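Shown below is the structure under consideration.
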Amino acid sequence: GSSGFSVESADKKNSIKLRGLLQADSRNYFSDDNPDINNEYTLRRVRPRLQGTFFNIFDFDINTDFAPAAAVVQDAFINARIQPWFQVQAGKFKVPVSLERIQSGGDLRFVERSYVSDSIAPNRDVGLQIHGNVLNEKLNYAVGVFDGQFDGQSNGSNRDNVANADGKEIAVRVFATPFKGEDSVLEGLGFGLSATRANGSDQAVGDSYRTPGQRNIFAYNGATLTDGDKTRFSPQAYYYNGPFGLITEYIKSDTDVVRGANSDKISNDAWQIAASWVLTGENNSFRGITPKRDFDLNAGTWGAWELAVRYHQLNVDDKVFEGPAATRYASATSTTEKASSWGLGVNWYLNKNLKVQTTYEQTSFDSGVAGVQDLEDEKVLFTRLQVAF
Amino acid sequence: GSSGFSVESADKKNSIKLRGLLQADSRNYFSDDNPDINNEYTLRRVRPRLQGTFFNIFDFDINTDFAPAAAVVQDAFINARIQPWFQVQAGKFKVPVSLERIQSGGDLRFVERSYVSDSIAPNRDVGLQIHGNVLNEKLNYAVGVFDGQFDGQSNGSNRDNVANADGKEIAVRVFATPFKGEDSVLEGLGFGLSATRANGSDQAVGDSYRTPGQRNIFAYNGATLTDGDKTRFSPQAYYYNGPFGLITEYIKSDTDVVRGANSDKISNDAWQIAASWVLTGENNSFRGITPKRDFDLNAGTWGAWELAVRYHQLNVDDKVFEGPAATRYASATSTTEKASSWGLGVNWYLNKNLKVQTTYEQTSFDSGVAGVQDLEDEKVLFTRLQVAF
Amino acid sequence: GSSGFSVESADKKNSIKLRGLLQADSRNYFSDDNPDINNEYTLRRVRPRLQGTFFNIFDFDINTDFAPAAAVVQDAFINARIQPWFQVQAGKFKVPVSLERIQSGGDLRFVERSYVSDSIAPNRDVGLQIHGNVLNEKLNYAVGVFDGQFDGQSNGSNRDNVANADGKEIAVRVFATPFKGEDSVLEGLGFGLSATRANGSDQAVGDSYRTPGQRNIFAYNGATLTDGDKTRFSPQAYYYNGPFGLITEYIKSDTDVVRGANSDKISNDAWQIAASWVLTGENNSFRGITPKRDFDLNAGTWGAWELAVRYHQLNVDDKVFEGPAATRYASATSTTEKASSWGLGVNWYLNKNLKVQTTYEQTSFDSGVAGVQDLEDEKVLFTRLQVAF
């Protein structure tokens, strides 16, 4: 089925589910003067996944990923649903910051996420979170404490306390769907706010930003160290109505840094707005789209088709490019202070398990270093074949 | 069962299968002057595997492997069986070149594959393939486009475009079984032809050749770069009749290389011929052998027994050893221009899931470098205990 | 269920079981002057596991682990239960040495194992073992031959013959439960003896010892090589009676080493004694504890609670610290000749699948190097949330 294959224990009190997500992508880069950018076929996500529930209260999730060169675990957590409004979750899971990050990798409308979630928001981390739904399920909250991750990073080694020393990163998120379940044109409206805060010093700042084409365009110099607070702040919203869907979010990341004699608070930010329209009339949603009629050559039915359009932007603080290379906060090869991308997507849902996705994304860059030219526009065409269950 | 354990979705339209392949090997090297060659116990394949079908048309396969130091995915693909004669497959899978490579790692008659598939043919790659059976299922064809792999290599990182820059590697294979399903002494005859072609430059030539005992005996110098075309060509055949089986194939790999001021087309090749005889009368086949009577001490039945014999040879182009070490194409430690191996195998099929395999393989080497002695003969005895389902 | 979810083949002759173990830990270090010791959240074990049986005789076990930075396989073996008293096991599995090592990672009474199994006994290795139960199942024996592992090490790469060259490591263990199944106060008594022996030379001695807080405190200098025999010897016992449980073991590891002109037999040892008491009256056992009443807020039931206490000690031979750093066997940063730890644990079994574990462990160190101060006491509080099935 669309949500896995179940096996129950003999006493019916417990169950597990086998799930999977497989994405085979092609990436074509156009007009690339840069010989380092190669067209390629790649496995983007290969995720056998084991979920389960014990005694109707305790859930677990083990979501492995074989797309990286060495297999890793993306999610590995236990969630105790003590009450709908009071749940305790521990292990490795998505830090509750970016809206698009919380959307499953199999439900994305574009082949790659926007700058908000791909570059600035943290990805997964190991920690403990209290969360739940209150006010008639119209408000979802999450408060968590984590090892702490730099912008765009995941707790990869499962061993390192990345952001700071003995401290932790606190993450808070509230998200409201005030008209949920009501007969209103705003039924599909959701909006929220998230924030993180960590404190650390003397560690290399590991923030790393990249383009839709998955090329790194920004990193700090190895001598640029943390020197106090790291905070993030992100307002976010979505709206779904019939075949129409809209998602928008903003994120700002402030980091106290020091390099040699210089120290500053660096403010980087990003935002995105994306809309999609299901041409074949199915209901749009934050999760996936289920075709009314599955693709079937004999029956002459063609599944669901969706058009999507997006604009997103990344802004790096001017201060990181100031001064000569020998004292600059940014790495020597990082010169871009602004990246602006627009994307166009055509998504074909053959049935609830199969999807073919095509995204074209074009990015222009503004150099932040005097005398250094803007990077050439990135023009990339993605094609994805996906199985999800 | 011999082909996995199935779980169906509630609506019976979809199913998944859990499969596995586990091989525990011992390797004993005889008369080895070389202290670097150690006898060892090793896990050769540890492959939990998830296969499935959606809507009776879309297959997927996720074949993981935990035998390497870090777990990898061997196969991860989606196959759309639009028609028996028109199927589209995308993801990571075996490049359709060598006959023995296409044979499953659990069905091999010798513990390690021959030079044809282990040294020269590519292994797995990420790409897209059109394939199918035509002419009453008597002709199988496959045409694929892949990232491109050097001889004996697999797309290991899932990220790199190995063989060439923006280009791709094209692979084509046709294989005929003209008497399939007929009452003929040639019913079990199959023969075919495969070829690959890629074009690239300025990359270190990553071809790497090794002995049956899994020791590397050939690599290029790091300064030897690709400089144009890389093509392969491989005629191949098998024949099965009752308890008898025969497999033979040849492969030639031509690579345009350059090192400093010198450039050349290098032609390396390999061939093998292997025969097997099922002593207990079961039918031989390209796939596995299913014993008529399972091993059972109480019933006094002993499963199936098979004898196998093989000869194979690897030839490296003389040109790679010409000149002084400072300008030679081959790496400084590569001196063998010819390796010739004969092998003897005894295979015990306890039942459709269990197999005990013993292979003895002896290899003699010819030095291609003037004044350098031939390597000492390699004599290796393998024992394998295998579970497959 | 507590022991996995089963799927049977259609012919009922074969079955597989899906199992899992997930542990999310927090580690808090107190009074640490050392800035390298960070509090952290960490995934300790993330182990999807596939077990099965074919023809009621052949078992297999594939126990993967995604807690390390790159996923590995912990166990991968085939066991042929030819007779209860004659079983043949091949692949990668726990070397039959330490009693606590043989206890499953999900059944431990303390968050980390003692010095006996964590530092000195080998962990997993690849090899072949004959084992079984004799004398009315009152005596268990195991005799195995393995690649060979240094103290505290596992066969991690699956490729290397760690302990010695062409030789192997032999391991033997006998364990008696003479009153098993009898109506006796000694019904739950078990005691045994294990030993290993390997021979090798010219390899860096890879023994590595660590604290309960998982910090490495001892390693040899890279120039200290094996120079003959490596033997281990370990008497061991447990006793379970109603809610009470006791486990104790000793281990001694003798290694012939050489560094430059010096050579010696080094004798390191460790011992532990640990007791636990199930406060809620359930039966204690070497395996897990199953609560009489599952945790249920509505029913007002609280599962099972257990108190545990332990003392253990590690002794490193004085000889490794003798002489100047330039010729000493120990590494330059290894200065501890004795580590003594006491631990206190509170374990809460919510039901047969969920466990919350808290361990406090305090360790004092004695320096073995003249003029070098003892390491500061390690004080660590572990909390673990565990799902096992």
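Side notes on the structure shown:
In order of appearance the chains are A, B and C, and numbering begins at 1 in each one.
Here is the rule we use: contacts are C-beta pairs under 8 Å (C-beta built on N, C-alpha and C of every residue); 3 or more make two chains touch, one makes a residue touch a chain.
Because the structure is predicted, anything quoted here is derived from the model rather than measured.
For the pair chain B and chain C, the fraction of shared interface numbers is less than half, so the two copies use mostly different residues to meet. Note: Cα superposition of chain A onto chain C, rotation of 120 degrees, nearest 5.
One simple way to say how far apart two chains are is to compare their mean CA positions; for chain B and chain C this gives 39 Å. For chain A, the set of residues that touch two or more other chains comprises 7, 18, 70-71. Residues 7-11, 14, 16, 18, 50, 52, 54-55, 58, 60, 62, 64, 70-73, 76-78, 82, 90-92, 126-128, 146-147, 156-161, 165-166, 168 of chain C touch chain B in their complex. Residues 1, 5-7, 18, 20, 22, 24, 26, 29, 35, 38-43, 46, 48, 66-71, 294, 296-297, 350-351, 353-354, 385-387, 389 of chain C touch chain A in their complex.
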